[in-house]
Amino acid sequence: MTRKTLGTRHMIGLASAISLVALAGCAESSRDSGGGGDDDTTSPSDGADPSAGASGGTFIFAGSADPVTLDPFFASDGESFRPARQIFEGLVGTEPGTADPAPLLATEWETSEDGLSNTFQLQDGVTFHDGADFNGTAACWNFDRWYNTPPGVGQTEDQAYYWISLFKGFAKGELTDSVYESCTVDSETEITVKLTEPFAGFVAALSLPAFSMQSPDAIEQYGATGQDDPSQSAYATEHPTGTGPFVFESWVKEDQIVLTRNDDYWGEPALLEQVQIVPIAEPKARADALLAGEIDGFDLVGPADIPRLEDEGYQILNRPAFNVLYLGFNQAVKPLDDILVRQAIAHAIDKDAVISASMPEGTAPALEFVPETVEGYTEDVPTYEFDPEKAKDLLAEAGAEDLELEFNYPTDVTRPYMPSPGDTFNAIRSQLEAVGITVKPSADVWDPDYLDKISGSKDHGIHLLGWTGDYNDTDNFLGVFFGRKSSEWGFDNPELFQALNDARGLPTVEEQIPVYEEINRQVMEFLPGIPLASPVPSLGFAPNVKGYVPSPVQDEPWNLVSVEE
Amino acid sequence: MLRFVVRRLALMVPVLVGLSILLFVWIRALPGEPARSMLGQRATPEAIERINNLYGFNDPVLQQYFTYVGRLIRGDFGESTRNGDPVVSTFFDQFPATIELSFAALLFAIVLGIPLGYWAGRRVGGWLDNVIVSTSLLGVVTPVFFLAILLKLVFAEYLDWFPTSRRSDARIEATHITNFYVLDGLITREWDAAWDAIVHLILPGIALGTIPLAIIVRITRAAVADVMGEDYVRTAYSKGLDPAIIRNRHVMRNALLPVVTTIGLQTGLLLSGAVLTESVFEIGGIGRYLFEAISQRDYPVLQAYILFIALIFSIVNLLVDVSYGVIDPRVRVS
Amino acid sequence: MTMAPPLMSPSDPMLGVDPEHGTSLWRGAWRRLRRNPVAILGALLVLAFVLIAVFASALAPYAANSREWASEVTLTSVPGPREGNLLGIDRYGSDLYSQLLYGARQSLIIGVVSTLLGLVVGAMLGILAGGLGAKVDMVVMRIVDILLSIPSLLLAVSIVAVLGQNRYAVMIAIASAQVPVFARLLRGTMLSQARSDYVLAATSLGLRRRTIVMGHVLPNSLGPTIVQATLNLSTAVIEVAALSFLGLGESDPAVAEWGRMLVAAQDRFASSPQLALWPGLAIAVSALGFTLLGEALREALDPKGRR
Amino acid sequence: MTDDTIGGRGVNAPDVVRRDLSTEALLTVRDLRVEFGKKGQRPTTAVDEVTFEIRRGEHLGIVGESGSGKSVTSLAIMGLLPATGVRVSGQIMFDGEDLLAASEKRMRDVRGRDIAMIFQDPMTSLNPVVTIGTQISEVIRGHRDMGKAEANERAVELLRKVAMPDPGRRMKEYPHQLSGGMRQRVLIAIALANEPQLLIADEPTTALDVTIQAQILEILKQVVADTGTALIMITHDLGVVAGLCDSVHVMYQGRVVESAQRRPLFAEPRHPYTGGLLASVPRLDSPRGQPLKPIPGSPTDVLPWTQGCAFTPRCANRIDTCTEKTPALKIEGQRALRCFNPLTLSSAGGATP
């Protein structure tokens, strides 16, 4: 069965996402124009001709931190992936503005009936930045490199996180039970990847930057050897080499990364001469820098800065939300194990008020633990409307009128799904107090104290936490939250664990969808926590920046971006 | 003099060894583990366990200490648990930023503080004295980060005279050799880059330098007031000397003694302030990095950086004592 | 050749032990203080601060941390000054003016407790070092050296990391930064006092060392210590704010604490500057009060201004 | 040199007939009054009604206890009193120029070149962080157009003149490497560096060991004689005056109480204070066993001059008048005296110096 595109079901969500895009120049999918003949590109009608934008120039973009490494295989953080998206490309990309897989270095693919074998047709005429050809040999070399990562620091979740969490094991070392079996070069333009068990999310997972195609020559020349930390090799810090629209030029740590246009790019060559990525930690400082003209754009706009930027004529682009923020209950603490108490809290919370107090405009309340754009989302789940009286009744029924709860929240952090934890805490706290619950605030620094307390200890009550998805896979949400017994939730629900495990093993996404919809209903019935919202993360740009297309999974190549004089 | 220096350097050794042991134990007493911090939200108990085994965080503290010392002796300070960067190279990447910032702050404090302190101290109780002293007090009582935010708001955002953050303008091409951006600009003759680096240092330098400024003003003032009352100054006046000679040779050379000590003592203060200033102005120096290292339990970074800082602290103190000898001949002999 | 006539003023140190040295010092200091406008200003500021802290609940129009208007606060806007809310609403929905008044209480408690704690521990170390001979001195001072070589803010941060985010952790963290300061000060004054003539005289009179230390040296070390403590109160108020800035401090974000209020207002600085300016001003003014008073005390107790 | 236009105010210029230089007054202090006090506070008078003159080459002694105003007088002559909180009135005519009216710039020229001063404490009067050589040569170069090497040569020569052993080496040394006596020699060398017309020595030996005192006095006497410099010797020690001065002014609480030539003063002190000072000095010629008679009380037991004689509380000769009105300085022949009930010859402990 060949799947190049997904169903039209997503077009609604997609259209709404695109409509948020204020840019004029977000035209067709740049990468497809080189070949493959895809006809399903999603170009909004108001799109201007990108080539009309000024060619050349420099684009300076601020992220929130310096990358950890430029070898994306050993990274799992957004800031490391940001330059990787420009330097590298994987076999599979995403449809612009969505999380759905789309052809990239592979023009098409086919999955066998049993889900164990995948054949990829490769783009012809692609070269790496060092001049080497990208072909079947190079593609399989990459799969083998991942699988053969030497034991040591490279085999920890700290580095090869995505490989470990998706493919489970390596050729040698502690983890040998691998989902990956082999890669065979059928021809210069075709490879076959064999798996040891069905993995419905396989193709979608390949859209992760971690599985970008890297130049075998460059890695052999500059890569780590022996026990050395592969994420800090000369290759990973000075010579990252891919096939993307930009070529790595320099990295001054904690200061800037400079990339220049790849003139031999197989797709639509970049309009910009040069791009720079600089780290600025505080959202407000990024906004200040943009307003002062020091940068051209930045990621993760602080909600309080949005009116300020808009008033000055700056552009705010919203990424389609691909995250969820929830209020978690620790059922190991009495009486949170009582479903009546959990329901009472659910009825006590006015999600709209919480959103207006602490989240950017346009954020919709969440119905369940997966965002709308993910497979398996359904509106048909039990809901708990805001009703303080009912909450009080339920508390009385549960015999918990004098309920006192520890309420954990993190300080000194903003996450895309949690733009202002203190405000969120404060809003919910007020609502809980309104139904007679006594709240005992407990704040910790996010990393590691807060995470330690929530996921590593039993010592917490109700808490704020959330998740941003990596690629379009329901298991990437539900499985992460409820796939096993954990001290975050403090409950043991073997039925739920088993259901999630079974769903994951289904060979195709089509088969998974109804199963996940059912699990979503089951979860909201069980009410381990209250999904609050999927806040929209925003990007800010100078008025003269054109052609930036936000993506829910941050797959945002900058080849069509231009900065007008 | 040489013997004095050697003796002092030798005295540093027990302090540093003591500090390294104390640090080692103290850091491991911090709740929360580096593994959790490394893995963040993606941590599973198995993943944490594997990292702890791999990095030896599960070994007895004593064994960890000896492993650590063993590596230290081979000159290996380890790697950051957060991003795997070798601690020493990161230190040399970031330290110049902090040094540059501290230097700018001290320069501001000294260049302004000594003349102000002199004018105030010449006539204690006069109106100039009152103005200078009360203004300098205002500097002390304003929280560093609040001052930094205010400066940024007024001079970078409203007036747009200075850049809002960072060490350099990304639009200006600069070659980095030493990572001291001003110095690099001068070495490579990229004058625009050097100027750009200087411009970026002004607001953070003022923010960080205000408290040292106030302290230097007060110490200079007290010292000048003291010296002005000394007999030898009266002698100098009775000689009918040029006022500049009296000020420089007779008043300031003596008044500088306590001032030099004070400047030496600012090291710790500057580093504390650097944590805050570097945060506000987004400067990638060791202050902010250390703060992150504490909150994220980056053991190797914490151990090495604090040792480095203690070493620098001791060396600065030694330099102060040596410079004391240069200024004061009485110390030179004894 | 003839001998000089014995022309000696009573203040001449060669006259030896001055029995009234202590009291006259304090009396003189009090006289100088009363006449020093700086001291009066400092004292008034401190007095106002203490009175506000003590009578906050009577002075404030609303209860502490009421969050009464929380529903009017959004992520991008906060009600400003208006009828009934003199300075407007804080970002967590409480009356800003009331919160400022209650904040004085927090600052006073944290400042006083942490300074006392730092003083007690520091004094014990200093007295050990200064009073028990060279060996103890050597060991204690090396410990103090080590403490001093770690930047105080980082020390405080690591202590909060160990003890968790609450008021007591903040107090201990701030106190820890003060310990070496007091230890050094007390040791220094004790040693210099111990070498002074009147202690020599007391020793020659055959008084026991403990009697001398308790009866002479300590009382005379009191002046500098009080000065330092007053100055440290101001540092403590500022340090609380610095810890808050780094995300460490009280667990409840809505609590009336100046540093916290100032920090929480940061991201709205452009739209609602009053949220940051008032607490910032409150911190600066109260710290100024303690600093002025401390400086004036220092000058009063040591008129020559030598350190 | 006289310049009537400068010192025109109040100087009885017509009286000053050009006479032999040696008899013409080099410095004339007239009605000097120095008041200390901050703005708005009642000033305290440190020196009042001080009048005296000194001729070229003359040696004049000013005697009194600490606080008697003798040092203030000398500082007033040098123009070294603080600029604020002090009011100076009267007249200080130096070589025909009123120094009180001179600009600060002009005073800088005068100081160290025409008038030099030696201070009391050699331990503190030298800058501890500057070499001896520099401290001497800077005063030479400050007033003369002279190169560094030449000034250094001159400094060595000066050191030799004050009998400093190994003067070449001393040039590079710092004050703390020198003994008190050696430091005072340095100060004398500094004072004499530009061969001033007037030298004011403010208690130059008080801070020194007794054995050194004589040496220093001898050196001072020697160099003053060599250069023909006029000398004002300020001291509380009548013994110093006895060996050095031509005339003596005794001050008490800011006013001159008795002035006379040395011999008459020592032979026949008239003011009870002068008498007291003399009686409290141990003497080789006094009979064995005769106790020294210190002046009772201390200088702090005073009566303000405005209410009578300031010495009354300590005076054995006091009469009722002493507390009723202020005594004026009356000139009786060669002597000036401020007393209602002076000592008679028999009651005074007269002496020959």
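Each chain carries a letter (A, B, C and D) given by its place in the written order, and its residues are counted from 1.
Methods note: a residue touches a chain if its C-beta (ideal position, glycine included) is under 8 Å from a C-beta of that chain, and two chains touch if they have at least 3 such contacts.
Treat the numbers as computed from the prediction; the structure is a model and nothing was measured.
Placing every chain at the mean of its C-alpha atoms, the farthest one from chain A is found to be D. Taking B-D and A-B together, the chain pair joined by more C-beta contacts is A-B. Ranked by how close its mean Cα position lies to the mean of all protein Cα atoms, the top chain is B. Between the Cα centres of chain B and chain D there is a gap of 54 Å.
Distance between chain centres (mean CA atoms), chain A to chain B: 39 Å. Put simply, the C-alpha centre of chain A and that of chain D have 92 angstrom between them.
Chain centres here are Cα averages; for chain A and chain C they lie 49 Å apart.
Shared interface positions of chain B, defined as residues touching 2 or more other chains, are 31-32, 157, 279, 295. Listed for chain A are residues 412, 445, 449, each touching two or more other chains. Contacts from chain C toward chain B in the complex involve residues 38, 142-143, 145-146, 148-154, 157-158, 161-162, 164, 234, 238, 241-242, 245-246, 259, 262, 266, 269-270, 276, 280, 283-285, 287-288, 291-292, 295, 304-307.
If you check the complex, the residues on chain A that touch chain B are 58, 60, 66, 68-69, 76, 152-153, 156-159, 161, 164-165, 174, 229, 231-232, 252-256, 276, 278-282, 285, 288-289, 291-292, 294-295, 412, 445, 447-449, 451-452, 455-456, 465, 467. Those residues of chain B that touch chain C in the complex are listed here as 14-15, 18-19, 22, 26-27, 29-32, 124, 134, 137-138, 140-146, 149-150, 153, 157, 219, 222, 225-226, 258, 268-269, 271-273, 275-276, 279, 290-291, 294-295, 306, 309-310, 313-314. Touching chain A in their complex are the following residues of chain B: 31-44, 47-48, 50-51, 54, 79, 82-86, 90, 93-94, 97, 152, 156-157, 160, 163-171, 176, 279-282, 284, 288, 295-297. Taken in their complex, chain D has these residues touching chain B: 78, 80, 84, 107-113, 116-117, 119-121, 124-130, 134, 138-139, 142-143, 174, 176-177, 187, 190.
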